[in-house]
Amino acid sequence: MQVNEYKPLIVAFCCNWCSYAGADLAGNNRLNYPADVKIIRVPCSCRVNPMFILRAFQRGADGVIICGCHPGDCHYTSGNYYARRRMTALFSMLDYLGIERERTRLEWVSAAEGAKFAATMNDFVQQVTALGENKRLEDLRCKK
Amino acid sequence: MNNINDTLIPKIGVITDVRIDTPDIKTFRVVTPDGKKAFDHRPGQCAMLSVPGVGEAMFSITSSPTNEEYMEFSIKKCGCVTDWLHQAEAGQQITIRGPYGKPFPVDDVFAGKDLLFIAGGVGLAPLRSVINYCRHYRDRYGKIDIVYGSRSKDDLLDYNEIIEEWSKDNGVNVYLTIDNPQDGWDGHVGFVPNYVKELGFNTNKVAVICGPPVMIKFTLDGLCDIGFDKTNVYTTLELRMKCGVGKCGRCNVGAKYVCKDGPVFRCDELEELPGEY
Amino acid sequence: MQKITGDILIEKASALLSSGTVSCVLGWKKGEFGYDVTPAVFSSVEELERDFVYNDFCGANFSKYLVSKTRKLEGKILVFLKPCDTYSFNQLLSEHRFDREKVYAIGIPCEGMVDISKVKATVGEGISSIDTDGDNLLVSTLYDEEPVAVDFKSVLAERCINCKSKKHVAYDELLGEEGDVIENSRFDEVARIEALTPDERFAFWQNELSRCIRCNACRDACPACTCEKCVFDNPASGVENKSPANSFEEKLFHIIRAYHVAGRCTDCGECSRVCPQNIPLHLLNRKFIKDMNEFYGEYQAGEEVGMRAPLVSYTTEDLEPGEALTRRDTDA
Amino acid sequence: MRKCSLDKINLLFAEIAKNAVLYLPVDENDGSAVYKKWEDGTAYSNALNTVRSPKDFFFPQTENLMGFKTLGKTIEVIDTRVEPDDFVIFGVRACDVRSFDILDRVFLSEPVDSFYASRRNHGIIISMACTRPSETCFCKTFGIDPAEPQGDISAWKTETEVFFKSNTAKGENLLTALDGILEDCDNNEVDAQKAKINAVMNRLPLKNLTTDGFGGGKTAEIFDSPKWEELSESCLGCGTCTFVCPTCQCYDIKDFNTGTGVIRFRCWDSCMYSDFTKMAHGNNRNTQKERFRQRFMHKLVYYPENNEEIFSCVGCGRCLSKCPISMNIVKVMKEIGGNKGE
Amino acid sequence: MQRVGVFVCWCGSNIAGTVDVQAVAEALKSEPGVVFSTDYQYMCSQAGQDMIKTAVKEHNLTGIVVCSCSPRMHEATFRKTAAAAGLNPYMVEIANIREQCSWVHKDMATGTEKAIILGKAAVAKVNLNAPLTPGESPVTKRALVIGGGIAGIQTALDIADAGFEVDIVEKNPTIGGKMAQLDKTFPTLDCAACILTPKMVDVAQNEKIRIFSYSEVTDVKGFVGNFDVTIKKNARYVKEEICTGCGACLEKCPMKKIPNEFNLGMDNRTAIYIPFAQAVPKVATIDPTACTMLKKGKCGICSKVCTAGAIDYTQKDEYIEEKYGAIVVATGFNPISMDKFDEFAYSQSKDVITSLEFERLTNAAGPSAGKLLRPSDGKHPHTIVFVQCVGSRCEACAEKGKEYCSKICCMYTAKHAMLTRDKYPDTEVYVFYIDVRTPGKNFDEFYRRAVEEFGVKYIKGMVGKVTPEGDKLKVQASDLIANKQLHIDADLVVLAAAIEPDKSARPLATMLTASMDTNDFFTEAHPKLRPVESPTAGVFLSGACQGPKDIPETVSQAGAAASKVIGLLAKDKLTGNPCVASSDELMCNGCSSCANVCPYGAITYAEKEFRMPDRTTKVRRVAEVNPAVCQGCGACTVACPSGAMDLKGFANLQIMAEVDAICK
């Protein structure tokens, strides 16, 4: 392990019913993923406002991932469908502005998919690490 | 820190005491971290307090300039800065800059005259500074009448000071009133403007009014009805101050800038201004 | 086809005012130099005859004014709507932003409006008057002896070159003949930017948005931005901000603004028209429109009252964000 | 009077840029001009004026005043101030030069705004006469002569040469430092240009616009005019006019929480914004009519009343060309002042 | 800002093994608002909880952060602890430093660092928490069942059995629904009437049950526990309470040529009619489109013959408003129209019939008194072709039919084929099918009997065309197994028409704000876990309105829906989830974006008067969230452009504070 290795900061919004439980299951099964991932619990993926995502980037996040129930499995029947459209629109817009699309992701993780949760996080961290620091959507005032 | 020197750059203040006055008004005692008064001021002047990250807000300095130990601010909860201050405890640091605005003409116009102070609600806050100043230099002034009213007994500011100190002074008369009858209140009930008219003061004196805009308007009308001349009536518009230095562009009423030309205005001066204060 | 002139509109408006059908008229008022017309409320025939004008510079979309004016003014308001304005009109009705009963809408045909900055780019500063002569504008300037002829088509506003529709989707009365939704290439520029590399796209937008002075003209002119209180003005929203303090704030404001009107934006182009810094803001809105058309099927906000915008509906078969981006790449 | 041939203008710029940051109007792709920092190869724009006024140099849209760090109940004030480098603004038009005097009266009056003052001290203004004024120009209304621009140094540009005249010691020092490039000359060509400019001025559509009906003491007369309602009827309440205006100086002081500290900054504000005068206890200008009136009363009545009858408008015409609805101070002056400007 | 107490749990070594809990407690001490911070081995133990309670009192805490296991584990526990300490239970936030930290990270330094950050986020959030109180609403202890088929009947009986009042609204003059039209039922072959009519009688006699027949629901307001329903009782021109159902009027009625709906138009009825002998209520109804008295004011015979005096030509539609605590939708199904299936010659030949018509033909109470006779000539058919999946599983022909499987056709066709062969062994019976689906108890055995015992000829393949020729129906079909074309001269062709939800369901769904799928079947709150509830609280689903079902499945779902209703009505008050959306009406634009995305119909609009800044008042449309209906997903908060809509417990500012804390 290198000493000054770049560590990305990943904010993960997880819906309470599936993905947050999936993350718990990853824990129960002691499936490792990098500590760079910090989870924020939301009732449903449809609670995630694009503003939260931009806020995370502003404050220094290098990647943001939104996790929800699989399509058809939403606790609230349709929340993840709305989330899917919203995130598609937002991610596409960020991409249009030249912001690396690899910094954002939407994943469906069920309560039973602890392994998928860990694998997804490992993969996402790797992906964001490869990009390096978020320079295109940063707010210099918030740099340490 | 030392090389920063601009009127917009504040000093650190420490809240050393928080007194709960009414359900929505608290009085904060503020000194510098080394325990001194942040700056000298005159009665009627204001200071900008701020909470970093929350914002700045202008308050009239409630304590008298004659108090050389500390400053006091009576603050009503009505916005984000005041909300924050209301949950602050002793020991909390804030920032303070000032003093701002022209004071009451206590040493010239007021000198030797009988004085009538009329306040409503938290409007007593700016007047307390003048009242205590005049009480301190009691011999420089004539008779002092104070009419003060609020919604209820619980909403009367500085009640203890009024009862224990002001009303016991020689030549000082205090008239209290509340808007509606209340158990345990045997004083006057009714609105301040009406009470002032009922009391019917001798008009050879200087009057100072402070309170909510409506109350000021009706009280002023009331004073005129009983023969007061507007040139002898003062009020303060400190609520309109924002940056404190007359540059941010908000405080003007017509061509007058409250930060520079006020906040203390004579009512005849106000009369000349467009009606947007 | 008979060309709609100011006189025809004055006559129409005067008749409706006189008959009491409407109590005031939302129209354009003459300016100093021919091109600087101002939206105004006319309440008498005299005012109309004195000041009303309709020319090639009447770009302002009146639909938004109806939100405040129907609240403020008594009686029915006569409003003249160009085809693109009618989409905004419908969209606002869908959002219950004004009372249809308080408006008398007259659709007027539009051959496109002139962008004065293009005229100035051609003839220079110092325009003293502008007349129309067939397909040309005759521009008199302080520095030319003779009026300069400028081809009308060459100085059309960008939004008019890429006009999406000559059809009025709402009116009480229509002057002239009904037009059609027309073929247009309004998404070409978006596609061109999409085809750039991420670095180029970033550089493009960084340059454009860095010019923003946050005057809010784009927002305040936008007929979709009619919030009672904008989140950017609301201290309680947590994102309130007054100045483009740095490149993040510039992006945040414009991304969120475009996002908030996504699916509600009719692509009327007011944002770009009013931007004092000439930022092509419509390219942000059009990006959302293009994406939603491609991902969820064609949707034209304001086409009808009561439609459900793509972002407030869904199908179970929608694309995943990753799929959507990849598909767009391969399409491009 | 000194001059420099246009061929050598880049040498001149290079020489100025040795000791100070040099800003000058540069053409943008969209046909507008903007003040940019001069670097080798930067071309001086022929445009009449920039969209943003040069007030930004002294009163930037956003500037940090100070920082705070909080720990528990304690606060530490952090000095975030950076002493500006010396700079030169080249090509400022006569109208904009006047705007600095107008801003000075606000920011340099007691208590002095040291942020502004410091920038003023570090800046040298080289003005430039206007040879091709636009239809939107009405500087003459306010007694400004575009043929005789002020500033530390006045300049005139002809087809082949640029002429300079210093007006202040600061300006003179700079010209002296440029001795190697400049050569002394007579006034003939400049005088000829002035005559030309004056001839153009007499053709401007707004040449007869006057300030009649405005000025100190006019409040009572025009404050309640019914015209305000009419004029403000279609105002969108955006800040375009105020932000492109060279004399608008209203500001707000805001805090930004960075997560690890607080930055207190000052930014432009606009009296046209609905919440401009909204404070904890209410708003005394609730309607757009009141806000609209405030802006023009301030420029045309309140400011002159407090500043020796100097109007807070320089006739630069920016608001005329940039207002989304083409409402502007000229229309106000004509309607309210009752002068038709013809 | 709150006075926050932080409690870091070791969870034995579960947390403490990878997280330096003391360091976490120490680090969080300097966070804004934190006035107390400590750690303990097992925060969830009695001792741990007592520690929290004591700290609340000693330090005057207003907010609590517990850094421990997942909130899914012990959030409820610590909320109770907070409540016991006199705090609002929603002033607790959990930082998940076990499942999402100590268990997934190996290294102490890493784990500790992350735990501190998660703790900071929780502190940042709790500082913005506000006490929340779940809303309470009373429950009207009466249920409404919409639809009086077997689903509605069973639901109503079960609810009534538990002691609650139930009203059934049925749009036809009698309850009974489709099952009343059936002959025998698979796989037991017991007669439908024999098992259904006793239940109908039970309904009629149950004093807890009221039947609104010939009625429909026209308006629904309110929400779970408190629905206000308007029921339109169509005028039947017969006084229901007086009519004895003697039938004298039917005999005398001169208008005898009205197609009989009950027999699917295969015979006629009179203008005044009782659909069938066992109808409930057994009351006559005058068909206003057929009665000459009602149309032209001439006749009046029925009135003359009615000794009870039940006829009332002046009767008007009546609107009844009633309150209910729960609503069960049991609107059932219909076979789809065969109009678009001209290849089967349905419109050209009377001898091409649907399976439901076949049911009536074989029913003893049917038009042919149970004898299987061709509708065209009354002759006995010798060759019968059954065509399966007519309009079902129509992927390619979605505009004609349905994409889904109608589920019941395989079994009833086997039944029809078997019964035909049983009764008329000389009849040749062909069944054309795509697949035979028999996934039910005794279903496959039943089908095999049809093939093996009764010699029904099952042919895998579709019928391409039916052409009437003379008195024969030429059937062209393909046999996919033999891979050849078949030509059969049939006497009767029976089409297993796909079934679709009743047309009344769509407007009803709108009234109920209950969601539907693209096929107009009601969607369930959760396809696996809440199959009999609609996403709209208080609205339940019974029978085929939710999807194709056979009788046993319908009855079991009806019972399930009833038990959910009983569970609801058994409560005196409903306590809501306090983490619901609410709208700031000063910011609200009334644009409907929020209502468009609300899966529960929790958002309504009201015109409200506002004092404008210039002191005038204006009426503006603003959103209102019904907290009893809102489930707190937050979809509306993001749809709202002005930010007027926010979610309690997961407010915009709270989530942004968490983001800030994590990213700082």
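Labels A, B, C, D and E are assigned to the chains in the order they are written; within every chain, residues are numbered from 1.
Here is the rule we go by: a contact is a pair of C-beta atoms (placed from the backbone, for glycine too) under 8 Å apart; a residue touches a chain by one contact, two chains touch by 3 or more.
Every value quoted in this text rests on a predicted model; they were computed, and no experiment measured them.
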item: Touching groups left behind when chain C is ignored (all other chains fixed); value: one piece
item: Relative to chain C, chain with the most remote C-alpha centre; value: B
item: Cα-centroid distance, chain A relative to chain C, in whole angstrom; value: 37
item: Between chain A and chain B, centroid-to-centroid distance (C-alpha), Å; value: 53
item: Distance between the centres, which are taken as Cα means, of chain E and chain C, whole angstrom; value: 45
item: Separation of chain B from chain E, taking each centre as the mean of its C-alpha atoms, in whole Å; value: 65
item: Multi-chain contact residues (two or more partners), chain B; value: none
item: Numbers and ranges of chain A residues touching at least 2 other chains; value: 50-51, 55, 59-60, 72, 78, 82, 86, 141-142
item: Residue list for chain E, restricted to those that touch at least two other chains; value: 597, 639, 652, 656, 660, 663-664
item: Complete list of chain pairs which touch one another; value: A-C, A-D, A-E, B-D, C-D, C-E, D-E
item: Residues of chain A that touch chain E when the two form their complex; value: 9, 11, 16, 20-21, 23-28, 30-33, 35, 38-44, 46-52, 55-56, 59-61, 72, 75-79, 82, 86, 118, 142
item: Of chain A, residues touching chain C in the complex; value: 50-51, 54-55, 57-58, 71-72, 78, 81-82, 84-101, 104-106, 136-141
item: Chain E - residues contacting chain D, complex; value: 30, 32, 612-614, 660-661, 663-664
item: Residue ranges of chain E touching chain A (in the complex, touch as defined); value: 70-73, 96, 98-101, 103-106, 110-111, 113-114, 117-118, 121, 515, 523, 525-527, 535, 579, 597, 599, 631-635, 637-639, 647, 650, 652, 655-656, 658-660, 662-664
item: Chain A partner contacts - residues on chain C that touch it in the complex; value: 190, 193-194, 198-206, 231, 239, 245-246, 248-249, 251-252, 255-256, 258-259, 262, 284, 287-288, 291-292, 295-296, 310-312, 314-316, 318-322, 324-325, 328
